[in-house]
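A short worksheet on the structure shown next.
Per-chain residue numbering starts at 1, and chain names A, B, C and D are given in the order in which the chains are listed.
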Amino acid sequence: MVKVGVAGYGVIGQRLADGVALQKDMELVGIADLAPTLSIRALKERGMPYDLYLVEGADKAAFDAAGIPVKGCFADLIGKVDIMLDSSPGGVGAKNKERYEKAGIRAIFQGGEKNSVADVFFHGYANYEKGLGAQYLKLTSCNTTGLIRSVDCLDRKYGVDRVAITIIRRVADPGDYHRGLTNALQMDKAPSHQALDLMTIMPHVEATGILVHTPVTHGHIITVVAHGKQGKIRKDMALAAFKAHDRIRVVRIEDGFLGNASFFRYARDLGNPRGDMYEIGLWEDSIVESGDHIMYAINIPQESVTIPETMDAIRAALRMQPDAASGTAETNKYLGLGKWK
Amino acid sequence: MVKVGVAGYGVIGQRLADGVALQKDMELVGIADLAPTLSIRALKERGMPYDLYLVEGADKAAFDAAGIPVKGCFADLIGKVDIMLDSSPGGVGAKNKERYEKAGIRAIFQGGEKNSVADVFFHGYANYEKGLGAQYLKLTSCNTTGLIRSVDCLDRKYGVDRVAITIIRRVADPGDYHRGLTNALQMDKAPSHQALDLMTIMPHVEATGILVHTPVTHGHIITVVAHGKQGKIRKDMALAAFKAHDRIRVVRIEDGFLGNASFFRYARDLGNPRGDMYEIGLWEDSIVESGDHIMYAINIPQESVTIPETMDAIRAALRMQPDAASGTAETNKYLGLGKWK
Amino acid sequence: MVKVGVAGYGVIGQRLADGVALQKDMELVGIADLAPTLSIRALKERGMPYDLYLVEGADKAAFDAAGIPVKGCFADLIGKVDIMLDSSPGGVGAKNKERYEKAGIRAIFQGGEKNSVADVFFHGYANYEKGLGAQYLKLTSCNTTGLIRSVDCLDRKYGVDRVAITIIRRVADPGDYHRGLTNALQMDKAPSHQALDLMTIMPHVEATGILVHTPVTHGHIITVVAHGKQGKIRKDMALAAFKAHDRIRVVRIEDGFLGNASFFRYARDLGNPRGDMYEIGLWEDSIVESGDHIMYAINIPQESVTIPETMDAIRAALRMQPDAASGTAETNKYLGLGKWK
Amino acid sequence: MVKVGVAGYGVIGQRLADGVALQKDMELVGIADLAPTLSIRALKERGMPYDLYLVEGADKAAFDAAGIPVKGCFADLIGKVDIMLDSSPGGVGAKNKERYEKAGIRAIFQGGEKNSVADVFFHGYANYEKGLGAQYLKLTSCNTTGLIRSVDCLDRKYGVDRVAITIIRRVADPGDYHRGLTNALQMDKAPSHQALDLMTIMPHVEATGILVHTPVTHGHIITVVAHGKQGKIRKDMALAAFKAHDRIRVVRIEDGFLGNASFFRYARDLGNPRGDMYEIGLWEDSIVESGDHIMYAINIPQESVTIPETMDAIRAALRMQPDAASGTAETNKYLGLGKWK
């Protein structure tokens, strides 16, 4: 049993912890955080299913005042694990890395850290093999993770050599108050980092893109214009590939999937914890052809989409499975991915 | 075991079904609906934990095409139950009532129906006794249900004779596309129906109020200015009463409950199904005194707040418990209400 | 002096009337409407700068009650004009057309009507010549109008044979309550009608696209991926063409044009009536190249963008100017377009 | 002619400048700012109707690069004026005050500064006389300014001794990206500062209140529960008083004033510069009685509402008119306030 710890129990950290807890070949040793946030208070109200460790600078008295039991300090947690999943606020992970190095443990960082923090910039499907045995890995961000799933899916089957993307980005998560946007669409300087990141992971693809922030909290929507390397990818070809993928849920507007909030509603109705979805959505009714290009739209559930690929990263780093096919299959099995098919 | 059916498996209907399923002294016989909505599709993906019956006008072929198993027709469901919870779209319940009358079964309607559909306009705490043995009951709407919880709580302890409310109303639920509001606050003609409804349920209180629609999906916020019948209700008095109530969760801004979305976030983190909350929230930091008045703010989780009082209504209609204290206590036990204290 | 009437004094109608009033070679005879809306009440408070005529079905008593002077009925207005600009609610224009035919006057319909209402589907730059002497013309919708400006601009200079667009659509106008969207992005079935409409106007271009509705009120944003017919259109080439266009304002994020709301803010600060802008915005920082494609983002001020092309349509229908160059130049002169350069 | 300068040409500063320019007994000498913002760029595109002076720390080269003519430095402007209107970002005004003191000129600060910056906390109607001859005044904030208009209006006529308010606050202005809120209502700790400020200006009134932030940009809505000192203020009494006030526009939902965005729409249709409104809105259909209390709702156009009271403050500080009645009347005349009646 691989022993795993989680640093930073925020939006991503909670889901990483839950994800690890579902992997039958991993053990979640505990989580670490700084302050008695709402999420930590909820953990207490749930009866502390996960042990809590305090990172440096934490105000122990505040935890005591809230009646939240503490198992130990960050060093204690580090001392008990094989690998740490670091979902601390951006920049903190780089500092934590010094501790991981001293303790000789592996670590996986999330998209908020700089690429230089890691040896490998990782995606479970697109470059699993690069992660094999790696000491420090960094996951692609939520948008890039979901985007690559769809582009890699087409690329494996038909070859893709160029994509142009438009990211319609959600600006906050449900419950956020510190960032937000009101009645405005905000432009980012192009090209978007997601297009650049895609080229880092899939260097044989030329990518560019524009990102626009929108005032919503449930799921990004990305449109992709893709060019087939070996000729036109037709709608039926793309659809067949997408439907066969375990982390892509193909849906139709006419069935009630009217937009990004429909996925959130559906996940809640499914009884998924937190109303989360690990898979990206892909609208069958969005797929259109233009000349030798194909265009389609996907939905990225930003809070949970990187969890499966992070589990893949653990599998790669610790050589639990030898390749992308077996590594992602094991993750999918434990997370129930693809079972809707 | 009281046998219960649910007509209309929408936002409220799903939660009624789940609520009944949690009551150890009730049995959920099944649910009825018209079309293979997202919620029905989710039920299928979950393996049909509840039997599905089709109401008149349903297109059976559409259900077959989606692979959704159907147990029978609406008449079949009606024939098997003691009481029906009707959460059909507004106006449909009144038509369904004719069927319930013919079948000689009881029914409980939701706030969308006219008051005339029922013998008793019901609230679990404020007038449980009026519902005892009643054939047809109508629940107060989501805002009124939560509002009355708080006013009744003060009234029972200290006496209240006048309230003036401001309802800051959410305009849609997560996943709604057919109603919405963009960058506007919309006024309703005053007085708001919630103030009038409060006076129907609590005739000894004089109430008025103004309602403003806001473009959000998570939880209404209501401010209440209340006058004590027997003298001023001080902050400490109000706080003590609120904290003792099993369906009121007293929170503080400084602990992270910054607004309505914090409750949604917290409920998700708690692992509550669908991220729902049965209790209303009440901000300790919002309670202020002014002259002989007290003012405070509450949060109403619109999707789920009426579920407990609907369970109370079943208990009253079927004389399962003799009074508000025992009826609400039984509901609270099965729904886990008040356990956070 | 060409005599012009406006039917329907709503969001578009008001701006058409103001636009005509600015053309020194046209005379605004009056406007027609059905009810004493806010816009009509504002007209009264301004002292009735435009004469008001009532369409059939209007409740004269309601206008009297509000003290709004009425000049005559719809037939009176029709009898006085050479051409009618019809911005009635969708579908009403088709009915009005019967009256225009009987009176033997020309008419120009807006994007809400079906194409079949008109002889020519019109855009001032892209097919002015087709409108010459036409009896009935229909303008492209707001998005299509702005989109074609930019594509035609590149096409004239360098040749364009294929575009793929993503429309990030505003869902309501400021002051709308009857339509709206709250915390959701909504998908339309692809391809979007704007892509199809572009091909109708510019049949030598192959176009496809995806449209996503967003909960904002100020300006659509469209991303365009375009392919040069005679080879790659580089960023510097595109920029030069865009900067030379009188209805395209090239801006930079770093200068403070952060998104769609910046244009609205800027137009208000400019003192433009209603905070309107006739030109589309184009972000220099959004232009990127990918392979032999160019990609860029534009801003469409939905309330006012079609006004210049509607003025062009009057010029074409009445053969006031013989070609696109002279017709659009005359419109631009009176509307002050391009003077920022 | 009183010579006036404006420091800080942002949302408020622009409107102060425009407001002064409309006063026939005042002269706007110029405005001062730090950076070539969108508003300054718009000033340039308009042909520099106001002279621009640069405050300390401004990057002259950036203005030159944008082709914006500069008249002089902040000291130059200070040297030419009798009084400065300081609408710099919060906290900067306090620093600027040192310069004003040295130069021996008067100044009026906006709501973002601390009360201690000024000798008098001022409202044109409620305490004009306190401002007579004062060297440094601070205006009430936008919400407090509008709120006091309505409470003072009732108080003058009938006496008011207690109010409880609920502020439904807009969270950003059109064109803001740096602050915002997405799909959430955010609570402030009670009592709101506006209630406390009201008591400072009107010490004979006891006030409390709760403020909730909402994700919109057009206008705050405030509900007021007020108690008459000399007995109940009935709806007809309140209505008569409100209708007679030159800075309160009484409207009805049924006439089309459905919410806060309707005022913005109406002001745009009126042709008001920037779509601004100096008056607050008050819904006739919102006025309700409860026991010996009256309740009503007002709309606060946050960008422009403090302009009239700031003009009043100039009149008081420079003893241009001796009392509230004559001072506010002069301001109203030049701003066209009350002419809708």
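Quick note on the criterion: a residue touches a chain if its C-beta (ideal position, glycine included) is under 8 Å from a C-beta of that chain, and two chains touch if they have at least 3 such contacts.
Remember, predicted model here, so these are calculated numbers, not experimental data.
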| item | value |
| --- | --- |
| Chain pair with the higher count of C-beta pairs in contact (B-C, A-C) | A-C |
| Chain of greatest Cα-centre distance to chain A | D |
| Centre-to-centre distance between chain C and chain B (centres being mean Cα positions), rounded to whole Å | 47 |
| Between chain A and chain C, centroid-to-centroid distance (C-alpha), Å | 42 |
| Contacts with 2+ other chains: residues of chain D | 174-177, 182-184, 186, 215-218, 257-259, 261 |
| Residues of chain A defined as touching chain C within the complex | 162, 164, 166, 168, 170, 183-191, 206-210, 212-219, 221, 223, 225, 227, 253, 257-261, 283, 285-291, 293, 295-297 |
| Chain C partner contacts - residues on chain B that touch it in the complex | 171-172, 174-177, 179-184, 186, 215-217 |
| Chain B - residues contacting chain A, complex | 14, 36-39, 41-43, 45-46, 66, 174-177, 182-183, 218, 255-259, 261-262, 264-266, 268-271, 273-275, 340 |
